[in-house]
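The structure follows.
As written, the chains take the letters A, B, C and D, and residue 1 is the first residue of each chain.
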């Protein structure tokens, strides 16, 4: 599973949270590397808001702990609202296009989880992406397709509905293919600084799915 | 435009053709780098046949002239049938998934050219890929989708027909979108060592397209 | 030869100079790639000053025109004093440690040129680096060793002298080895924002060396 | 600590040992990634002998489990004598120049261990490398400098002596700097196929050093 962090508050240098905290994300990755827990070495990503409307993005496939660019950027980029994500691939290739966070206009999205049986559903899922969003399909991850489908389903105007309907579509597909593995979905969505923002800090679909196979418990 | 080479003959170390010839591919890239012609620095690829049925593959995004792995591999890999390709991107991202040659079972494919207006056609083109081939859609290039559509159209049993019908499909799509840029297509197809093999050393669609908008002049 | 730019003035987003000018550095690299001039594809680097004392650094081995991180960083990083450098290697490996600009404390350095016969002098040159500076020898370029020797020779307190004496040391070494190729040296040095700064926009050693073999014409 | 394997026997495809064994190196890395042990994600390397005198080399900074080139190379390269090494950095940068195995002429070397206090000794150690070997100093690791010093001390003609004297030199240096951390050294040396070969499968210096501070117990 992936790890992530999201920060909102007074503007700080990214390093203060990425590197300097005892339980910082990089520190955790490094601990993971040294000891008893899952290591996250399949790509790293940052997304941050500043004076620009759309967020800044930085994606890298080197392990976060050995990326000299990340060290310098985190010392020099200051933000009051940023995401960081360390990827532990669930199967898709390690390249920058597959690193979180994903962005669309002034939105950022990152995801921890997995669509059960994704490889057998990718064809169907990609076909649900409408033409006007297809140029935003840069990589091949389940996370990116979930994000694009949520946008297609109205994330910008009615996010609760868009999320519910998208997860429901995916669960239906999984049901048709008789996939037993769960849909795991914990995600953070973000629009820019001055707009209302919201997040679903923990929304694991496992229970919902195995219990009722329906998203109504959302 | 990309550059490539294809070799068939007595088994040789790849370096004898990649590095040691005066007009070798790497030498050309390096010349390109130094002087008057297009440089090819958006990825490199090798595909070679040996005792295995399916070809070996090596893709790298570093410029070919500065890839130490390539130097050593070319000194140690011997083949009587291999492809090398230096990419000059026509727009798609530089990552390994977008490097030629592409492979499918015991087939190799590499392509020099471009689908005019590709970005506006990608959605439609990807939807033509049948479900059973979709797991072979690793990247986002026009070249890869052309190859997969040719396989879908029977490349393995009737290659001439598969190529003709695929190019015709693409040209129709371009016509519907009123795309003025040509479809440029020069490609090499290859099956493994002991099977019959064939190639279309030069098949530029420009003439055909602007003249008759039909593949009948193939 | 490498290309570079240095900017000092009102704070601007880096993209305004890196990407948006008709003759921007990236535009030049891309032109180089397409046509009649040397291409620069052996690494890219940025160094910029902001509120921190020491400069920010970003080094990448991908060609600048296909680096998605660079595009986003240049849209979000604002500076009134920054360097950008596109490398065309004179022999040393393409990796991040060999990309300009180099930094030391609050100094930035970038260099266009070459020590003639460098490979045969590297052993001697590295031995001149004093112990306390050796942890700053990250890569293997002639540029980095020149910078470290200038620091050793007092760059921080008497830069003119440090530069002169260092170039003189190197020329002596070249003389002893009877190296005919010139020492080419065009460089920019920079300390942080509020301090005095200076540069040697063009200081090609070729003339000096072939004429008098002495740095007295500096 | 790093992990490695060395194989000598009937020629086999590398994948049969790298990927297909239950306890293969890649499998171990992947297990490490998933669970309770140190993960090795700071670079990977292969060295293999074939008909050429000098070994083939492949170094990559991507985690071994997500390197598509490695998968294909391991399916196509056959050898009766090869090394594989997964690096877990003890501090030096993650780049290809720092990946094992290292080679010199027809020799291969890989190392698991660490020179205690290496960063404070690097200056002195590098100065021991004789001029004629300095062009083989590609990276910055302690492993590479150990290998070059052993060559300088006669590895090619009297390996036992060269190893002993080199470790002794390093221990003396550590003593002078009053370094408490041990010198850990487990290494494999190899010359080409048809020559006599030897290895030190386990030679941990910890005991020797803490016990007697002398290499006499070798």
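FYI, contacts are C-beta pairs under 8 Å (C-beta built on N, C-alpha and C of every residue); 3 or more make two chains touch, one makes a residue touch a chain.
Every value quoted in this text rests on a predicted model; they were computed, and no experiment measured them.
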| item | value |
| --- | --- |
| Shortest path length from subunit A to subunit C (each step joins two touching chains) | 1 |
| A-D or C-D - the one linked by more C-beta pairs in contact | A-D |
| Computed distance of Cα centres, subunit D from subunit A, in Å | 38 |
| Inter-chain centre distance, subunit C versus subunit D - centres from mean C-alpha coordinates, in Å | 33 |
| Contacts with 2+ other chains: residues of subunit A | 68, 93, 96 |
| Subunit A residues within the subunit B interface of the complex | 93, 95-97, 119, 122-124, 126-127, 129, 131, 134-135, 137-138, 140 |
| Touching residues on subunit B, where the partner in the complex is subunit C | 32-36, 38-39, 41-42, 61-63, 66, 68, 88-89, 93-94 |
| Complex interface listing, subunit C residues touching subunit A | 48, 50, 52, 56-60, 68-69, 72-73, 75-77, 96 |
